[in-house]
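Inspection log for the structure reproduced underneath, given as structure tokens.
Just so it is clear, A, B, C and D label the chains in written order, and each chain counts residues from 1 on its own.
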Amino acid sequence: MFFASDNASGVPAQVLDALAQANAGFAVPYGNDALSAAVRDQIRATFEAPGAEVFLVATGSAANALALSVLCPPFGAVFCHRLAHIEEDECGAPEFYTNGAKLTLVDGADGKMTPGALDAALRSHGGSLHNVQNAAVSVTNITELGTLYALEELRALTDIARAHGLPVHLDGARFANAVAALGCTPAEMTWRAGVDVVTFGGTKNGLMGVEAVVIFDPARAREFQLRRKRGGHLFSKHRYLAAQMSAYLEGDLWRDLAARANGHAAALEGVLRGVPGVRLLHPRGGNMIFASWSAEADARARAAGAVFNAHDADAPGRMAGRLVCSWNSDLAGIAAFADALRGG
Amino acid sequence: MFFASDNASGVPAQVLDALAQANAGFAVPYGNDALSAAVRDQIRATFEAPGAEVFLVATGSAANALALSVLCPPFGAVFCHRLAHIEEDECGAPEFYTNGAKLTLVDGADGKMTPGALDAALRSHGGSLHNVQNAAVSVTNITELGTLYALEELRALTDIARAHGLPVHLDGARFANAVAALGCTPAEMTWRAGVDVVTFGGTKNGLMGVEAVVIFDPARAREFQLRRKRGGHLFSKHRYLAAQMSAYLEGDLWRDLAARANGHAAALEGVLRGVPGVRLLHPRGGNMIFASWSAEADARARAAGAVFNAHDADAPGRMAGRLVCSWNSDLAGIAAFADALRGG
Amino acid sequence: MFFASDNASGVPAQVLDALAQANAGFAVPYGNDALSAAVRDQIRATFEAPGAEVFLVATGSAANALALSVLCPPFGAVFCHRLAHIEEDECGAPEFYTNGAKLTLVDGADGKMTPGALDAALRSHGGSLHNVQNAAVSVTNITELGTLYALEELRALTDIARAHGLPVHLDGARFANAVAALGCTPAEMTWRAGVDVVTFGGTKNGLMGVEAVVIFDPARAREFQLRRKRGGHLFSKHRYLAAQMSAYLEGDLWRDLAARANGHAAALEGVLRGVPGVRLLHPRGGNMIFASWSAEADARARAAGAVFNAHDADAPGRMAGRLVCSWNSDLAGIAAFADALRGG
Amino acid sequence: MFFASDNASGVPAQVLDALAQANAGFAVPYGNDALSAAVRDQIRATFEAPGAEVFLVATGSAANALALSVLCPPFGAVFCHRLAHIEEDECGAPEFYTNGAKLTLVDGADGKMTPGALDAALRSHGGSLHNVQNAAVSVTNITELGTLYALEELRALTDIARAHGLPVHLDGARFANAVAALGCTPAEMTWRAGVDVVTFGGTKNGLMGVEAVVIFDPARAREFQLRRKRGGHLFSKHRYLAAQMSAYLEGDLWRDLAARANGHAAALEGVLRGVPGVRLLHPRGGNMIFASWSAEADARARAAGAVFNAHDADAPGRMAGRLVCSWNSDLAGIAAFADALRGG
């Protein structure tokens, strides 16, 4: 009954094995080793983007903030959803890495920016030197509310960005969950959909702490490298990041893990739909469910040992939770959780 | 014959084992798990500092820059040796994390600040609002030239800092090598010697990528936490940092690994002293040797497969290298290297 | 018919005279001259705040951003109205001076934050280290929409800030207009109302370019000085700022000028109310009026030479303008403008 | 006997007149007024640079820091003399405006970088992503020690910068004094000598507070505008900066004022050479003299009312001072000062 976060799960055996294997002998540091080079090539192949530049970092906040730092000047604005991780959960990392740019918040139901809201926001800002300049758009898929942008929805947003001359960043902390849910290729959800820079998340999907930033326009790569180093995010013993990512890519493990997590969430959704008084708050896109229930049900679930983050409820007197499934979620726990909510 | 850097070495089996062991089940993220808490206590015990605050990060640059960011305001100056890692090798990470503070450089032979030079530098700066304010002193032990501050030398520097009202940061990327060489305790080389914040390095001494920042004055801890998060250095899956550090502390593995690395360097020094034409450039303090030799010897060593970073030579026509030993350096390689230099 | 901005007006003769008078002889620089010291005392007297620290700068953006920089750390958030000058018109100066803090936007009709909206915003942010920390509240009086907070309204906001442990900044670009409209004292609208730092504007009210930052808690003063210098805002020939401010304070010229500007705006409001089809969009608080009219009226006014900034209209097909009066606005122009709107 | 600084002097009558004249009527703000446009054209003409972009700010620190901010990224280094104003006297303004770039200090006698020292510094830094990148060279003429670079000396430095691919900033706080001393044109000391951006100082040479930043490559202009606004340095009532600068340019008043200041310093030098025991410490380039004398002479001069900044003396027991002359220095005071030093 552990649904607090996918970053609370462990890693599959392949990752431990890869670390052990990479451990032999000496390896030149800072990503100049053979394994790191091979991983960069693997990622280029995975994204069908032979000209892309690839960088590994260890946290999602670093990946996002560094990506934005090469897209947005200090006097710029990044447009994102009001609930975006970069706005809500990074303690100002984007502002820090961009040296003081502004996040301009766009609304939209279910954690998704609507094209109209994005366009209106872009039209109503910028243009004068009295305010910051529109600089980039950042989209998250799957979103912070667990919902999914379809490819055409993503394209609608990137088209608007393009029409305003702005590059697009995709926060892919749960990239794999989105791709697995959409049944598309990484290329289809990124550069073919108008994305310029993507953070390809590994940490929430079975790695210890590795994210790849994939920059489709190599002109921004040198600056990224310098900013990564300056941010303290260039690992000397790079092979241990590369080893994890290599295992993740091998045989599309990343997609398999995400499909499993999504499957667990689908199962959870299924049983929750059968529990009287439980309401699903947003359409499930991948491995996260937001649901509400009575205060009594909440107390029963907590008492039974369920672990999850509280969420804003949909009505007074009710309680709500964010339920996140992982590749290794426990099916028995899912059933037990539903039972606890349902009560005696 | 690999002497390029201690960050090119692997990790001992204990570290892999600890990762595997920590992998079981779910763990609450961001350092709130039991293992992370236990490790913080272990470090407090190791430093005999029950009131200290302890933070794990993954790179030395992050550790140093974050440490300085809570000691030095944007309008401050950090005094350090001209060759300090924070000045030479971090692409401006201290300036980034402090939001634009200044590093004021102090000279001294063999990579060591002299008390006189530090005092003179502190006296000749600050005081007026027309320049940045003296804010902190940063010392490295062992130094970037592989030399060692004795405890009384360290104390002489911290006394001067104290006399100027400034806190002291100790860059301990090779902390273990210094402690092993000095035969002292961690407390003796830190708070008992007047150090306020130390970065207790693990990465160069057998971990994949973990450094602990130990802050002896807990008043600075909350700000550190926020800056760490904002810098993208708060690992969600914290247990994997903690696991490595736990293995490192267990049975003083850290000291054992460092003693081995120092021992290898002592052996290397021994054989080099027997090679005609080789000159040792600085007194060896731990696991690093700087030496020069003829161009012919250099070519022979490189041709034989020796890997090391070139260094400024002591005379025209000569070549020099930085030779770094690790816990798992190869004694056969040491002999072979000397043979290659010797030629014939 | 010039209503574009109060920063387009000239200065009264007293200011030119004061500059000429201050020009004699040599004066030690950087605010250490006798005139600057006297002006600081005058401001303390004006605010009935003998312990306050006073700093002169030359622009409102500098005054605001520097004030915020001593109230809000890089990892903090400043809460302000969505239309605040610091958000809309300073090209990110607050983010620059705070080294990347966030402005969190609060809604409210007529450019005024409501206590409820402020409280809700403060309650829904901060508290966790995953996001920036609530750090300060910034209020503007009169507001960007020309409306006025009554003293009790101001107090309601500062009470909420205080309840959350936050200091309050008052953007007083049009401080004099507000005080003149309220018929209160500077003390009543600042520290007696719970304001910690005020920018006492002069530029929009008859000076060439001088604003005073008044910090009621002197503990923040040294940092302010350093940040002012570092921002390039410490004038060497300080006497020329001081001379302007001295004239401004002398005999309460500042209040007299503001009363004149407010009076012109009252006259303008009066005539506009008599023009068919003209709608006043917000209650007038001081010297600014926002009004809408037909496209034909707009064209007539422009054709007749009226100069004003366009504003968002209240209905499709209509036009709107921001009309700002100055101490030296032209009463004939006011009549002519109304005539032009009215048409033949 | 006032020699403390040229920023302690007043302004000539032409400047007061220009302010009074510019005061009539309304003027659109932010530099969009006719006078500001005319002044920009005047400066382009003065520098024989029709394509240059010109920006007015009010302080030298702002001018320098903003200029550097468009030449040097956060991960860059500016090379300048160890005693440069940007290093010694701006409380880190360059670091602030560049968001944390580094100043790398170059030595050279008499406050002047030698080509060899500059070249050596450039060669020994940069190149790797482990440190900041060489980004710009900043030269001051006349220097902080009052000495003068001849045009060929300046060219030697800019040639080296060019060979390293770096742009050159000229800190022209005393630009006029240098041009007057060299007998050259503004063009000859700037773009014809390889300078990319110059801060054309007015404040120390008879204005209240105006400096022009002249950017010969207009590609950098938009960014400069945004950074100026963001720094709080875009004056709304721009006409009052423009009016001062207009008077300064009219009939080459700037050159005339500088020639007068230089002449006063020449006179002072002349009499000091006749005072036994006085030693001139650096070759005089313009309006500043550094000299030493006995402690007794120092006490006599101070007692007689001489005002000057103390300077490091050339020998134990001696005292030294920086003596700065202005356009309106007092010839009687010069004689009196010499008499006081001489004693008896």
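Everything that follows uses one rule, which is that a residue touches a chain if its C-beta (ideal position, glycine included) is under 8 Å from a C-beta of that chain, and two chains touch if they have at least 3 such contacts.
All values reported here derive from a predicted model rather than from experimental measurement.
Novice: What is the set of chains touching both chain C and chain D?
Specialist: Joint contacts, listed by label: A, B.
Novice: Centre-to-centre on C-alpha atoms, which chain is most distant from chain A?
Specialist: Most remote chain from chain A, centroid-wise, comes out as D.
Novice: If you average the CA atoms of chain B and of chain D, how many Å lie between those two points?
Specialist: The separation of the two C-alpha centroids amounts to 42 Å.
Novice: Averaging only over C-alpha atoms, locate the centres of chain A and chain D and give their separation in whole Å.
Specialist: Those two chain centres are 51 Å apart.
Novice: What parts of chain B, by residue number, touch at least two of the other chains?
Specialist: 74-75, 90-92, 96, 99-100, 129-130, 226, 229-230, 234 - these are the residues of chain B that touch more than one other chain.
Novice: Please classify the inter-chain touch graph. Allowed labels: line, ring, star, complete, other.
Specialist: Here the contact pattern is complete, since every chain touches every other one.
Novice: Enumerate the contact residues on chain C facing chain D in the complex.
Specialist: Residues 2, 4-5, 7-11, 16, 19-20, 23-29, 57-63, 65-66, 90-93, 96-97, 203-204, 208-209, 226, 229-237, 240, 307, 326 of chain C touch chain D in their complex.
Novice: Flag every residue of chain C that touches chain B in the complex, lowest number first.
Specialist: Residue list for chain C touching chain B: 73-75, 99-100, 129-130, 133, 223, 225-227, 229-230, 234.
Novice: What does chain B use to touch chain D in their complex?
Specialist: Residue list for chain B touching chain D: 74-75, 88-92, 95-96, 98-103, 105, 129-132.
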